[in-house]
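Starting off with a structure, shown below.
Residue numbering begins at 1 within each chain, and the chains themselves are lettered A, B, C and D in the order written.
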Amino acid sequence: MIIQLQQGIPDDAKENILSKVKGVGYKATEVKTQEGHYLVAIGKKEFDIRTIGQLKGVADIYRVSDEYKLISRKWRVEPTRIDLGDGVVVGEGQFSIMAGPCSIENERQIELVVEHLKENNVKIMRGGVFKPRSSPYAFRGLGIEGLQMFYRICRENGIKIITEVMQVSQIEEMIDYVDVFQVGARNSQNFNLLDSLGEAQKPVLLKRGISGTLEELLQASEYIFSNGNEKIMLCERGIRGYEKAYRNILDLNAVPVLKEKTHLPVIVDPSHGIGLRDYVADMALAAVMAGADGVIYETHQKPEEAFSDGQQTLNFKESERLIRRMRQAYELRESF
Amino acid sequence: MIIQLQQGIPDDAKENILSKVKGVGYKATEVKTQEGHYLVAIGKKEFDIRTIGQLKGVADIYRVSDEYKLISRKWRVEPTRIDLGDGVVVGEGQFSIMAGPCSIENERQIELVVEHLKENNVKIMRGGVFKPRSSPYAFRGLGIEGLQMFYRICRENGIKIITEVMQVSQIEEMIDYVDVFQVGARNSQNFNLLDSLGEAQKPVLLKRGISGTLEELLQASEYIFSNGNEKIMLCERGIRGYEKAYRNILDLNAVPVLKEKTHLPVIVDPSHGIGLRDYVADMALAAVMAGADGVIYETHQKPEEAFSDGQQTLNFKESERLIRRMRQAYELRESF
Amino acid sequence: MIIQLQQGIPDDAKENILSKVKGVGYKATEVKTQEGHYLVAIGKKEFDIRTIGQLKGVADIYRVSDEYKLISRKWRVEPTRIDLGDGVVVGEGQFSIMAGPCSIENERQIELVVEHLKENNVKIMRGGVFKPRSSPYAFRGLGIEGLQMFYRICRENGIKIITEVMQVSQIEEMIDYVDVFQVGARNSQNFNLLDSLGEAQKPVLLKRGISGTLEELLQASEYIFSNGNEKIMLCERGIRGYEKAYRNILDLNAVPVLKEKTHLPVIVDPSHGIGLRDYVADMALAAVMAGADGVIYETHQKPEEAFSDGQQTLNFKESERLIRRMRQAYELRESF
Amino acid sequence: MIIQLQQGIPDDAKENILSKVKGVGYKATEVKTQEGHYLVAIGKKEFDIRTIGQLKGVADIYRVSDEYKLISRKWRVEPTRIDLGDGVVVGEGQFSIMAGPCSIENERQIELVVEHLKENNVKIMRGGVFKPRSSPYAFRGLGIEGLQMFYRICRENGIKIITEVMQVSQIEEMIDYVDVFQVGARNSQNFNLLDSLGEAQKPVLLKRGISGTLEELLQASEYIFSNGNEKIMLCERGIRGYEKAYRNILDLNAVPVLKEKTHLPVIVDPSHGIGLRDYVADMALAAVMAGADGVIYETHQKPEEAFSDGQQTLNFKESERLIRRMRQAYELRESF
């Protein structure tokens, strides 16, 4: 059950509601976000919700039977739109393109990618500075200095930044230099990280786990929302399977199903989803048609020389063609 | 190694080639199809293929290192197009729609679906008369009488028929009443059935196994081709996975990858691929954008009353809208 | 609902029961096996089963809510034991070992394996003569002549034969030369084959599908039973998964769960279950401890020269040690 | 390449080695653990390792071609044994039992479990105080106070503690109260946590990821070792699959394969591996026979009243019987 409180509700009114909620045997969690003030009440007993709905300070009240609550579309029908500033908005009704290299490598590389994005009117650049790697001996990214360089060049060019955060202690050092925190597949159920990102107020793109269910993804996003941050995007990035012909199984079934279950935007990552350069564009276009609100993919001036993921990275020519086609596909989709 | 023989090659020339092939330690399989006459030679030794290429009666010779040979695009670059008669062609450059109920139920039902297809200029109707069912006590289809009725009505209306064949002994009784034999996911590696369909000369739509790899699907189609039948379509219909939010995982990654590996047409079945009516259209459109040569889906005049698969079957209004949109998406895709 | 009929029930009594069953809206399937005579009645209405239970000719009546009926342990508590003759019995309370090569190759090979089995008091030999192969160009087995040779040598030495049947038309030619028909993973839902094996009366070992669920395996065995054959063994042989370190995932969870759900014996195939010789023995021993009624594995006089599956085949020394250890493990298990 | 340094190697000798390693184009990581001092050198060039092997301060040098190095059995043949004090040792040649509730609930519960363990001579108790939960609204454990209570009671009774750590910041507050840190399946690739546990010097039990490969598990353990901590146990706890009859697929194939690849002890968790109480004992016994060095399972005085995981938790009577049987099975296994 979600109880939406009136903005500026007096403490005594809130306490009164909490006490009534407790009185019917429910456990309430108070949630205060950028946008609103809620109580999430969990319990099993049936009762007439109007007895709480008519209390002073209650703006509205809803029953939500799913395990996730605040991110459910059953409660909030209107889609979430996330404003990154300067007119860059992610969410239903927009088509967002996020592109860039797997890893940030150096100043020259960032400049080349930024130039490519500007030429194609793409507003959000991806690029990793903290890299999760299977082996402890592999390149782990340029770290915070790399991020600061990344930030400086992007700011000068009006480009927003999305980059991966791997642990709680990085949030504080990164927060001034990112526009969207990305949570990778391996951290999709790192609940402490999700809690902290909920408190951090910056937009978060949350990837589905390597073999994550949609239910787990939705509950993971509920962690962020219930800690105070409504600015969440979900990302389908391929799941692990038995097929050896590609790196992952891009599960586009997830797109329309997530769109129905939640008001959050749904982004697709075809680069990790198939893992082979030649097919990334086909899968990106398929994602648009399946109803994605955006696509995040890897591009690099010379994929064959990229520090990581070169085999699934588009060169600028391929990237440019894909951008044009995705926009056409999105336009067609919107016309339906 | 594929040795393409000249049409009408004299027996002694063929024997000479076979003996030379044997001489280099290769084992040859002779393949005679509707379209050509080939020897598939399997062996490991390296040798100069021109020594065989210049023999009398050899039209051409190719090395193919894949486990599958005749269906490989490395050998035959030109896409296979399958002519069902009356101008109905399946294959690259066309977009084929195949629609109809899961099971054929009665005359009235067939007539209603046929009418719906005609109104929307759809030329191929699907409908099962022999149904593979998990339980021995479930409805197993109307059988051969149902097929004859299905055939009569479709012929009167210029509609082609695709329907599932489950065993070798059914081929003969069915062959006069079908335009395309469908092989279901559970029979995807029923090698005896594939052998016999190779001899049967009617077009075959071969579904990927429930957890089939692309390699297995391609090799299964090689069974059909190497037994004499080039008229094969492959079908992605979803694979089994851990996700409980839908029936299967529609693996659209398979579409561009199959299109590169083989010259055979690739069809997608979004009905089984997601298994939930509300999302079938989204996945069908995504399939088109991923590069499918056609879509096969379930429609019924009253899905909620269908004998089987009602939960993934579109009503005629949904079907009509989907047909229109798929054609627009295909047109956009072709313009790229 | 299972209605067990009295042996030799008069036709009019049976018709009377059928008519009463129909009267309560149930659909009945008559099943006559080597052991008994049953009606399986499927329907949804609640009614007092005693009204049928007290009819003339009814020996007993049971409600079974599972999708499978006759093979359910809820109905028949006593385990099925399958007598292969000469004192060779498969089923709970016995520990059955079935060993031999993947493929029957020649007379000498059969003699060597038979000798090895006799020395170790193993009574059942496996060996394929019809081989399902992914590629149409691979070795498909020695066929019926190979089986006849296999049969002759085994009969002379008191060894029982288990071998794979791939299609309906092979049953008749094989039936005089086999003691147990094996149905492979790829045919686990080849329903026509299952139907025919139900009529064939010879014992059947049914393997779980490549990604088969236990529910599917149980329903597949119901096909055989409901067509008249109670002599069924189930076989866990590994399922397909993402792990690349071995060929399949041997799912020993299936053993205790199947043992609870059905009265049929459960056999484990560790050779296919892990696919790597060095670990076959460990997994065989684990299977015994998990509660398997038997183990089927591959052995060959020279695994490295075997026509197929050499990488997962034990040599005779490894086989001998495994046999001894499995018997010790089984003895310990039985002492619990 | 692993270069084992002599204990107390002078700095200049070490610098000399490092410079030589760099000179052949390799990148070296220095690793100093409780047990030894190593350089792990990664590179591709072939060269004669004796040129480095004979340098002053080098105790030994090995080529290891796997992605993981220090935990590889190719390098260190002798199994790792982890001494928890008071004669409690985990590792090959011992059979370790770790039992206890999913969650620590209260003093009385701890006392009852401790008493049960003492009666059965079990030396290690499991119990969660920080619980990873899919939903943010679920019970997350008693936290550090719970751990302190857990510690006090166990210390008084000579019982060692294993409990889950979820994030870097918990390590410091927990370290004085735990004997083994457990890393859960969801954190199996939380690389920052692994890094920090490498520095923490307490033994670590690392669970395989929800769909983790063995390769990933081994590389994850390399993170811990290469940060300075050799005291690592690996744990197979079931992987995610399509089968709905149980919670996870306990992949016992992993046991003998891991035992061959690494010198670290391998523990099996049958409670999570099958997730259903009735079958936990069967799978625990199978794990012993597959070669596990220990078993960790859930037990509670009243499973039906447990705060979490009650459906897979044994009562004390079941637990007692299992302990006795596992020891008999282990004894048999050791006799082989």
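Keep this in mind: a contact is a pair of C-beta atoms (placed from the backbone, for glycine too) under 8 Å apart; a residue touches a chain by one contact, two chains touch by 3 or more.
Since this is a predicted model, take the numbers as computed values, not measurements.
Between the two copies, chain C and chain D, the Cα superposition rotates by 180°, quoted to the nearest 5.
Seen from the Cα centre of chain C, the chain whose own Cα centre is farthest off is A. Our note on geometry: chain A versus chain B, Cα centroid distance of 39 Å, whole angstroms.
If each chain is reduced to the centroid of its CA atoms, chain B and chain C end up 33 Å from each other.
With centres taken as mean Cα positions, chain C sits 50 Å from chain A.
Among the residues of chain C, those in touch with two or more other chains are 211, 215, 240-242, 244.
Of all the residues in chain D, the ones that touch chain A in their complex are 27, 29, 40, 42, 67-69, 132-137, 166-169, 186-187, 189-193, 195, 209-211, 215-216, 219-220, 222-223, 226-227, 240. Considering their complex, residues 240-242, 244 of chain D touch chain B.
On the side of chain D, the complex with chain C involves touching residues 211, 213-215, 239, 241-246, 249-257, 260, 273-274, 276, 278-279, 282-283, 285-291, 325, 328-329, 332-333, 336.
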